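Presented below are the structures under discussion, each in the form of structure tokens.
Look at the two complexes coming up: subunit A is in both, with subunit B in one and subunit C in the other.
== the complex of A and B ==
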């Protein structure tokens, strides 16, 4: 029935839906999972993603598949068509530089997200062109609003999140976040991790949570560190009281370190549950 | 009076052994009045590329903002820092684009290129570049700078000696120019560090 109203972007269905836009959103649900977690203690944001194409034959490129910087203080995770994403990322980068050129101040994260969303929306209303099949997780820092995480979808809608998951199996990821995302869990000292030392990265519990979620949403049970892409957005206070935002992509060794930590924790938990249940 | 002499400036760049130096005066004047003595004319584009601009102050400031825009886009796209010779070409294109309504600046670019080879380049206001391996000058004190650099320059100077030479050349030249002076700033760019010093000079 809806076939009559889904051929063109610019036609509403009798139920008041835009089918093309909804089909675009379906495309996202087949994409590699992306997780974004804002540290409740204000130490930064963790962005983690599952890389879809991992082949020995792929030339190792410096360009990541999922994470892209937009400016010094904003970066994004991509879920969906990489080619569509490339256009939007280019727009976002130019927009950020134009703002910086005009105001000599870094663009506020929400403004950048809004302008990309307006761009996406225009493809759902006029021109007869199909919508972009991309959802982003934009993460950034600005001086007035601190660390922020935004999710955008092909309709041009966006919302701010403390933590969220998009892409394949995102429902499973979101349910883990509902129980595990809270301040106590994500503060390092309260962690039951035995490798607790004072120099530990304050984002470690958030990284561990992100990996835990990806392990749940991935379709393989024996994950290899090459399938993960993890990026941290943190800030350093400089001597002149200015804030320096740092965008750090974890390398293979670091991912392996955190991954091993999480996998051992999970196995320990499973063993504990198994032993307590056998007592009964 | 020519528009290029409205604010007054003196900029010099010199090549040394595995290092380059770039220096400028710090006067910000409006014709004969000195308004400020802390105006930077040498800007860092990144660790190994610096650009100094002589000429109209407003155009210099706008161009720096435009260069930063283009450089940021370059770095995001190519995922690497721009090389000084490539940057020089970018500057040249941007200036020539305004061929019939130019920016009134005469830039001097200094940096370390491939394998940390010293690179200097100077341009006129519509982007005609000149490349040498010794020294280049620009600004209202350019004639004085030519004379003094020609006399004091020697090739293959070590960073500390290069610093001394550039400082003496700049100070001597701008002292003869009423529109430049009031302080000086020197950068010596080496492969592992950048020496940045502000010189105490005649405040007249």
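== the complex of A and C ==
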């Protein structure tokens, strides 16, 4: 029935929907899962993603498949068509540098996100071109609002999140977040994981939660560290009271370390549950 | 097409512990004619920023209002305020881009209070800019900079800053050829911008005219 109204972006259906935009959003649901978690204690943001294309023949390169920096203080995770994403990322980078050129200070994160979203929206209204099949998780820091996480979708809408999941099986991921995302869980001292000592990175519990979510959303049950891409966004206070924002992509060894920690923890939990249930 | 850049406008600025004080003379004149003696050369760019401008009347008001309107737009469009540093650099960039096309002959002082505290930026018509603690533009600078150098100290209170400014104005009234009887003083601090007099008391700006019938004393409805 609505087939007649879904060929062009610029046509509303009789129910008042833009089918092309909705189909674009469906495309995202088949993409590799992306998780973003803002540490409730203000230590930073964890961005974790499942890499889809893993082959020994792939040339190892410094460029990642899912995570891209936009400026010194903003980076993003991509879910959807990489080629579409590349255009938008270039726009975002250009916008950030233009802002820096005019105001001599880093662009506030929301403004960068808003301009990308406006760009995306124009493809749902003008020109008869298809929308971008990309959803982003933008993570950044600015002096006014601290650490922020934004999700954007092909319609050009954006929203701010404390933690969210996009891509394949995101509903499963979101339900885990609903129970597990709280300050007590994500503060290192309260973390029950005995593999980590107290000098550990304060983002460790958030990293562990992100990995736990990805394990649930992945289609394979035997996770290999090469399937994960994890980036941490943190800040350092300098001597002159300025703030240095930095993002660090975890290397293979580090991912393996956290992954092993989480897998061991999960197995322990399963054993505990099995032993208590056998008491009944 | 070159117009002579007038240096007769006096602009002064001093930064203190938690405020910035700007002073500007109030005369608008051309050649040997004085048009008015109550010109306000200090614009409120937003709630916590001031910009004092000098130069030919057309350029001065045009540039000032252009920056002011763009900052208003920024405040409305974005949920975060622009810092003084950002605003000053934006203004400088506009001057710099126009410099080699159709330049504005406007000297300015931009003062603001933001998360980093009070700051004062000196900008001249060729788009050079410096962040400073004390500044002056025009002929007035020749007389007052030395006074400021002598009496300004770090982290001055508002009273101390005012006393320095009073000394500067006294110097101008004694030694500067052009009569400068009245100045407008504006201060910006954590509470925003306000007009003050020489003793530091807040001066109420004239209220805008209202058009309510009840305010109109000639209204026939009162009878």
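One rule holds in what follows: the second predicted complex is superposed on the first by the 279 of 280 C-alpha atoms of A that agree within 3 Å, B and C clash if a C-alpha of one lies under 4 Å from a C-alpha of the other, contacts with A are read in each partner's own complex, and residues count from 1 in each chain.
One rule holds in what follows: a contact is a pair of C-beta atoms (placed from the backbone, for glycine too) under 8 Å apart; a residue touches a chain by one contact, two chains touch by 3 or more.
On a predicted model such as this, the values are computed, not experimentally measured, just so you know.
**Student:** On subunit A, do subunit B and subunit C fit together or clash when superposed?
**Tutor:** fit
**Student:** If you stack the two complexes on chain A, which partner ends up touching A:104: first (subunit B), second (subunit C), both, or neither?
**Tutor:** A:104 sits against subunit B and subunit C alike.
**Student:** Report for A:69: first if it touches subunit B alone, second if subunit C alone, otherwise both or neither.
**Tutor:** Only subunit B; A:69 stays clear of subunit C.
**Student:** Using only C-alpha centres after the superposition, what angle do subunit B and subunit C make about subunit A, to the nearest 10 degrees?
**Tutor:** With subunit A as the vertex, the angle is 50 degrees.
**Student:** Give one of first, second, both or neither to describe whether A:243 is in contact with subunit B, with subunit C, with both, or with none.
**Tutor:** neither
**Student:** Which partner does A:143 reach: the first (subunit B), the second (subunit C), both, or neither?
**Tutor:** second
**Student:** After the superposition on A, what does A:94 contact: first (subunit B), second (subunit C), both or neither?
**Tutor:** The first partner, subunit B, only.
**Student:** On the combined arrangement from the superposition, state the nearest Cα-Cα distance between subunit B and subunit C in Å.
**Tutor:** 5
**Student:** Show which residues of subunit A both subunit B and subunit C reach, each in its own complex.
**Tutor:** Correct list for subunit A: 101, 104.
**Student:** Using the touch definition from the top, list the residues of subunit A that touch subunit C in their complex.
**Tutor:** These residues of subunit A touch subunit C: 101-105, 108, 110-111, 142-145.
**Student:** Under the stated contact criterion, what part of subunit B meets subunit A in this complex?
**Tutor:** The touching residues are 65-66, 68-69, 72-73, 76, 79.
**Student:** Using the touch definition from the top, list the residues of subunit C that touch subunit A in their complex.
**Tutor:** By the definition above, subunit C touches subunit A via 78-83, 85-87, 89-90, 93, 115.
**Student:** Any idea which subunit A residues touch subunit B in the complex?
**Tutor:** 62-63, 69-71, 93-94, 97-98, 100-101, 104
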